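Look for chain A in each of the two complexes below; its partner is chain B in the first and chain C in the second.
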Partner chain A sequence: MGKYTDFTQADTTVENKAATVESVSSKKQKRSNAITAVNEDPAVRKAIKSKKLKLRRRRKFLEWGEFTLYLLPSLAGVVIFFFWPLVKLIKTSFQRSSTNTDFVGFTNYSRTISNEAFVKAAKNTLTFAAISVPLAVILALLLALLLNSGLPGKSVFRSILLNPMMVPVASIVLIWQVFFSYNGVLNGWFADWFGADPVDWMKSSKAQVVIMLLFLWKNLGYNMVLFLAALNNIPTEVIESAKMDGANALTRFFRIKMYYLSPTVFFVAIMSLISSFKIFREVYLLTGDYPYDTLYMLQHFMNNAFTHLDYSKLSSGAIIMCVAMIIIVGVLFFAESKFDADVEE
Partner chain B sequence: MNNELQAQRRKQATLARRNVYLETPKTESFFEAMTEEQRAEFFRRSKKISLANERRRNINHKILTALGIIVASIAALLAIIPIFFTFLNSFMSSDEIVDNYGVIFNSLSGYASGGATFLSKTPTLKLVPQQVTFEQYKNLLFMSPTYLLKFWNSFVLVVPIVAGQMIVACLASYSFARYRRKRREVLFFSYIILMLMPFQVTLVPNYMISDKLGILNTEWAIILPGVFSTFSIFLLTKYMRQIPSAYIEAAKLDGANEWQIFIHIALPTCKSAIYALVILLFIDYWNMVEQPLVLLTDPDKQPLSVFLSQINSAEIGIAFAASALYMIPPLLIFLRGEEYLVEGISRSGVK
Partner chain C sequence: MLSRKRGKMRKSRIAAACISAVMVLSSLGLGGCSSKTDEDVSDDTTTWYSAQKKDASEYYSDLDISYDSKLTYLVGVCGDYIIAWTYMFHNDYDPDAPIQDTEDYFMDLYSVQGDYIKSIHVNDYIDLEDYSVSAEPKVNDEGVDIILDGYDVNTWRSSRFKMTLDLESLELGKPEDLDKNSDPYEYRYVNASHQDVWKVNGYSIHLYYNNGTNRNGRSSYILLIIDPNGEEHVIDLANEFSDISIIDLTSYIAMPDGKILIFANFGELKLVLDPESMTVTEAGDEMDWLDDIFFYGITNIEGEGAFVVDNYDSSQVLAKLNFEERKIETVIDLSNVLINPFDINSMLLVDIHDGEYVMAGTLYNQEFATVTIKELEEDPYEGKTELKAVSLTGYDYGIYESILRFNESNEDYYIKIDHSYDSDHNDINVTTLDEYNDQSNVRQAEMSDQLMVDLMAGAGPDILFNTFSLSALNRGEYLVDLSDRISDDSRYFTNIVDASRTGEALYQMPLTINIKGIFTSDEFADDGQDGFTFEQYVRYVDEACNGDDPMSDYTTQKAYFSELFNSCSDLFINTSGCDFSSEGFREFASYIKDHVNNTDNSLPGDDGVEIVYQGIGGRNAAASLTSGEYKTLDDFSVFINSYAQNFRDVRFLGAPSPDGRGPSFRVETSVAVSSSSSEIEGCCQFVDMLMSDEMITVLAYDTENLESVAHMVSAPRGVMTGDSSIPVNSSVLDEYMQTLIRSYNSDVEYYQNIFTADESRMMGLPTEPVSDDIMDVYREFVSSCDHARFEDPYVAVILSEELQAYYEDQKTIDTVIDTLTNRVNTYLSERG
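Entry: the complex of A and B
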């Protein structure tokens, strides 16, 4: 759907398209000329014209006012609770501390970037996102393809797979502990079946795997529903005609379905990225304030900074993350538009 | 005379054509070359082959379907087992729980010091309790008022956020959908960027403003930023832009004003999206951990989600019931509005 082709098209006032406005006004002028042809006095004509202009402006203003009124509650809240403090945050990030307002340039930033804990947290968070987001996208797509391949009981499977999304993390943490703790069920099974040595899941390099499982468990259902919707939207004639032309299942998938799915892949990737930054919840609920090294997430860093109320650290850290997030999303956007352009050629 | 000549010529041509046709030797097809018996044999064989092919295809299809069902069932089992497990275990008596899983949480208590020791006794995973009792629930509901308090805290935080955000978002997204000018689009884009920001970024400004307004450490510090979160505005605007312009034009011609269009056209068309958003928001805020940790330092005001993580081995007996109880509100909402949720999610991803 094009950006300006929706129902607002019907609106006759197009403020930012000067050409349109001009043509409209010239038409109106002609009409008014016809009407006022009787009245040859230029002064009267001018008065009528200016009155009309005033009326139009008034109508435009009223329209603007009405729609701004609808927006106002949200805008006020967003400005008060997000935009204004964000601006202040940028200001504080260049100050020595919240009380000492000396301008210190990028000192806070360089201090945060060279902070070992911050680097570790950023690395862990990014590693987690880099592995779990593609996994979440691909596995969800596979599940959606499976369910969409004419499987009986599709809707039953769908609602079962959607269930984990609705379960609060705090409730499920207990089970994860039962399974993955050092004396947990999983280690017990491994010992029974293979005589394997117990693995300290939560306190070794495997810890990220456990958290990833939890992440996938929770997010696959939502992603899958998104993909199912996109698959249902692929026109069947295209698939049928490809089948007639002898395209096999793989070709059909990569050449046709992927084309229709690419916007959804992008959307799902963004949604998964957002939730992968929320993974602190799971980590905190499973392991508390001081997790194993590879589970030390950015939020842990921020929480520590909060307990000391280290404003310079907090503000510079938040701004760095904000910029990083914008860059990541920008790259995804760029990749998506490029991919789309490639396909459409 | 001319006519006569033409008729004659036509006759000649027809005859010539017929002669040619008759003169060409009749091609003997493979089929015609066969005798009666051979023909019957041929039919029988080809019928058999095609039947076999069809059967093989059917079997292949069946095997594939069975495999698909098996894979899907495994996925579904993995998805649902933890939930079932929690519910079933919540009906065990406290003694049984301690007997089964005590070993896990005993070693957990020494967690912070880093000394997890492997005990020779492995925990026993049991799905079905030996004896179904409501002991845990009884203990939870009547013996430990903190749990109930936290449960109530969760409601106090979540319900106003969801209700408030829906009202604010419906109004704002109607405005974004109907009034599209350059500056509005820029504002909308900044809303989207705000939506994408993780908590790590937005919590700091929230903290600063709450501190300034003096609402730090009260429920308002969480409720107010929650109400103005832009996630639902993004999705609802996407929906409202899909309303056919013909509806709105028709309403305008009938003399409806903007408020009437909003109430009678925009809201009913987005019903499924609104339901879906209510469910999504509810679970999201029911789940919240980051905001209460930072903005609510008073443990009496923290919701159950934070509290549940602080289970120690002494309380393990009622932990499963607490977890199960905490799961029930979102699951009930889910069961009630699943189709709306699925429809809402589905349409949100489609451009």
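Entry: the complex of A and C
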């Protein structure tokens, strides 16, 4: 910013302008020689202003060019690994197949939407997200509030809650299998303590509950840390002044803390939503290509379509899922912007 | 200030929008909106080869010798000649006559260019009245000798003679008494017999086999190596490899570095002989690339290298072994040679000259011939439209033959084979039978997925062989309805054709089939009984089979279940979904759980052919009827031998199933035409040709000459069952059966003239002629099948995963059914 002089904030006197211009390049110096004279004529002032504008634009353009050059490698990566596949995907979804580029309109989409398996998968995925994401947000917030309340051994609890993030997926799957398989630890405990019959956790209506537990166990720690950081950023004087004004804890929480936490709540919700879709990885490792009904997710549908080389079904399913995600996230953005409208910076 | 900030923010958003637009547009540019590429233009860069076959058939057809069987094999190459040896065994067997009067020997001579020169009737030169000898050719350092082994008929003293072929005059010398002193090599070592001579790079390597009688049973070889200077060197492999037995030194490769790679122990051991240092060592990992090679098919051509005829990369090829790059290089794809690959895939390459490859050996029909392969300068199919054919299960003799004949006879089209969809199961490396079956199913499923996607895309083949198991293809959008190609229903087994239809349409034409069921005696089956329910079967096993389950070959619950499920899956799965809640399925699962044990999950051995000994006086046949046998309906030749005398007592019933249905059939050979093909008419012309009696005969019996197959009917040493198939053309089956019955009865008449009934029974020979009624019985067995066997590998995996818990008493059947229905319905609805 030191290289160029910001003319808009420079002194308005012509001498200062001339002196400032002199300090730039020789070309500009020549030009500056042409406008050393003070002139009150509006036409002349207009001409001067337009020349300044041109110089400013040129400078801006050079600035933009420089940082675009720096960004180019990243841009290239984003284009090649994100936008280009997306465009190809959209293109494939309107073709007969990956090797036959005949345009078939929305046939693939109607075929996918009318597929019972797709409908089941979509329902399961949305149900899972609708239950587990709010739980992930609320429980993480509660944990953060608890740890922020001056509990002893806070750092120990924080480490314990963060540990699941470090465990590899394969190990998590193994742990869950040991616990929740038909001949697993949990059934063993129930049989020993209560004499209960074994429950096939992964192949019954309780399967989604097990997966939700896995999801929460894995993600609560990270969400909690985000909330902890946000809580620490709330100005204490606002809380104290509210206390002095007679606000109780609940009022302080909902009227003050939640306002400050709203961006974090929104961020955590988005991240949890994304994580809820990624749970397919664990489910696939636990149950294979064709799991029990309630565990059959959209990714199963698409993964199997990929295995069976049905790329048109795969791509149309992926686009439908993408559109659904955009709508959901768009709604969240809208809600956040409304909620945040009167939050002071 | 705020408005300035908002203005800046607006500008930032505009800038971000511009950048995003640029990225999207550049993606579009990269992704392209190209139209369909011309990938369906036929590749006309195929190199075609002519094949000129030469044999001694004219000589043998003019011979005035009646024989029962003839066998010819390649002896080797001596100088400029290819030597073959022919045995003939006479019909008029006289046990008191000298051997040379009961067997005829011929030495067939061909030039290395493949031209037939002459055949020498060796017996004419065996001027040994007091001796009974058999003859055997033997290659030596100079050429080829004929060794006569036998005995003095007066003194019973064993004797040995030698006749030498003069390579100049091509005449045989008189027999010379071969005592121990006359041959410097024959009796060189006391405990080792002279087995063979290899001539490699100027060295002569004599192989002596020691069967290990003085080495605690560890057999080995002694190598006597004569170098180009005439000096002898001896390497006793027993000293070099004292801990192991060495057998089967039959193949070697002369490597470019002068060393010799020797295959031993049926390919399990590779030895490297260094003639410079006269040492033998075990080959290291650098030879691992030769592990899967068919080493018996290796020949060494001086100045050219080592070659092999083998299956490579899903195709039968003549390949060269490249030791520098350690890879097998295809020289000629045998499917591009204008001859049936099965006729030359057991031949050896004997010479290369002027761009011609000369191969010698036995054809598919066991006749000896030389075949000279030469690259064609012009495309033999120029002007014809190419049709692409694929097969999921590989190609047999019959399919190749039908393609060759179509290519020769059709003026407008020719068929080219595509190996893209061949699924190779040879490299599956597992430890149990169940794992092998699972992986094999997955491989086939992957190939079938690829094929289905390509068909849907219009990029697939024109003609499909052996895709009958892919029922998902049976739609008008994939395949052409071939119902119109059946002009006369009476020629076919309509039960087979009807069971192959999807609705009214026939998308995949069955050509040959096999049928599996339970052979049993009539006394253990009720009138009108087609098969067994599970309850009936349990009773049958207990009462008729004394507890010995005819299906005990299926040694695991999973395999047993799959075998039965494949023939009755239509009871539980249809186009609208699946339902396992029926009483039938519960009974099915309960039967497996209560009556089948996991006895042996090991992989089967390497036996590809089942030798069925007919036993003494049909004893085995009677025994099998009592105990019951679950097997494929035998080829009619075996059926006659087994049940000629009691065929009226034989019943062929279906395996146990919920509805007691009859035997099921599996389509061995089928053909279908892609509806995306641009030459449907040409494809249908091929289908018409396939359905002719001549081609169905070739597809079912690998020959048009049924008489040549018929002579094996009553072979006393046993009959090879191998893989038999039944033609869908009932007229072809009738002709085959009639030919075999004629031959069988002719044999019976012959044996009756020579042996008594007791003697015949002792030797396992037939004693009574068979009536034509046996044809009706056999035909009835074929007509009793009304459903095809079908397996979906994904459903099979789900079933085996879920039922295991039930078999192990961990879950009730209701719980398992619920999960099964759930998962299988998900799979079926996903497929659409």
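In this text, the second predicted complex is superposed on the first by the 278 of 345 C-alpha atoms of A that agree within 3 Å, B and C clash if a C-alpha of one lies under 4 Å from a C-alpha of the other, contacts with A are read in each partner's own complex, and residues count from 1 in each chain.
We adopt the following convention: a residue touches a chain if its C-beta (ideal position, glycine included) is under 8 Å from a C-beta of that chain, and two chains touch if they have at least 3 such contacts.
Bear in mind the structure is a predicted one, so any value in this text is a computation, not a measurement.
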item	value
Which of chain B and chain C A:Y182 touches, first, second, both or neither	both
Which superposed partner A:R111 touches (first chain B, second chain C, both, neither)	second
Touched partner set for A:L285, first chain B, second chain C, both or neither	first
Touching partner for A:I239 - first (chain B), second (chain C), both, neither	neither
First (chain B), second (chain C), both or neither touched by A:D200	both
Chain B versus chain C as contact partner of A:K91, first or second or both or neither	second
Touching partner for A:L151 - first (chain B), second (chain C), both, neither	first
Contacts of A:V167 with chain B and chain C, given as first, second, both or neither	first
Chain A residues touched - chain C or chain B, whichever exceeds	B
First, second, both or neither for A:V268, with chain B first and chain C second	first
Footprint overlap on chain A, where chain B in one structure and chain C in the other make contact	64, 75, 78, 80, 83-84, 86, 88, 182-183, 198, 200, 203, 288, 290
Contacting residues of chain B [partner chain A, same complex]	65, 68-69, 71-73, 75-76, 78-80, 82-83, 85-86, 101, 103-108, 111-112, 114, 116-119, 121-123, 125, 167-169, 171-172, 174-182, 185, 187, 190-191, 193-194, 196-209, 224-225, 227-228, 230, 233, 241-246, 248-249, 258, 262, 279, 283, 286-290, 293-294, 304-306, 308-309, 311, 319-320, 323-324, 326-327, 330-331, 333-334, 338, 341-342, 345-351
Residues of chain C defined as touching chain A within the complex	15, 19, 23-24, 26-28, 30-31, 33-36, 39, 449-450, 452-454, 456-459, 794, 798, 801, 805, 810-811, 815, 819, 822-824, 826-827, 829-832
Contact set on chain A toward chain B in their complex	1, 3-4, 6-10, 15-16, 63-64, 66-68, 70-71, 73-75, 77-78, 80-86, 88-89, 92, 143, 146-147, 149-153, 157-178, 181-185, 187-188, 191-192, 198, 200, 203, 217, 220-222, 225-230, 232-233, 263-264, 267-268, 270, 274, 277-278, 280-281, 284-288, 290, 298-299, 302-303, 306, 314-315, 317-318, 321-322, 325-326, 329
Chain A to chain C touching residues, read off their complex	64, 75, 78-80, 83-84, 86-88, 91, 96-102, 111, 115-118, 120, 182-183, 198, 200, 203, 288-293, 296, 301, 304-305, 307-311, 313
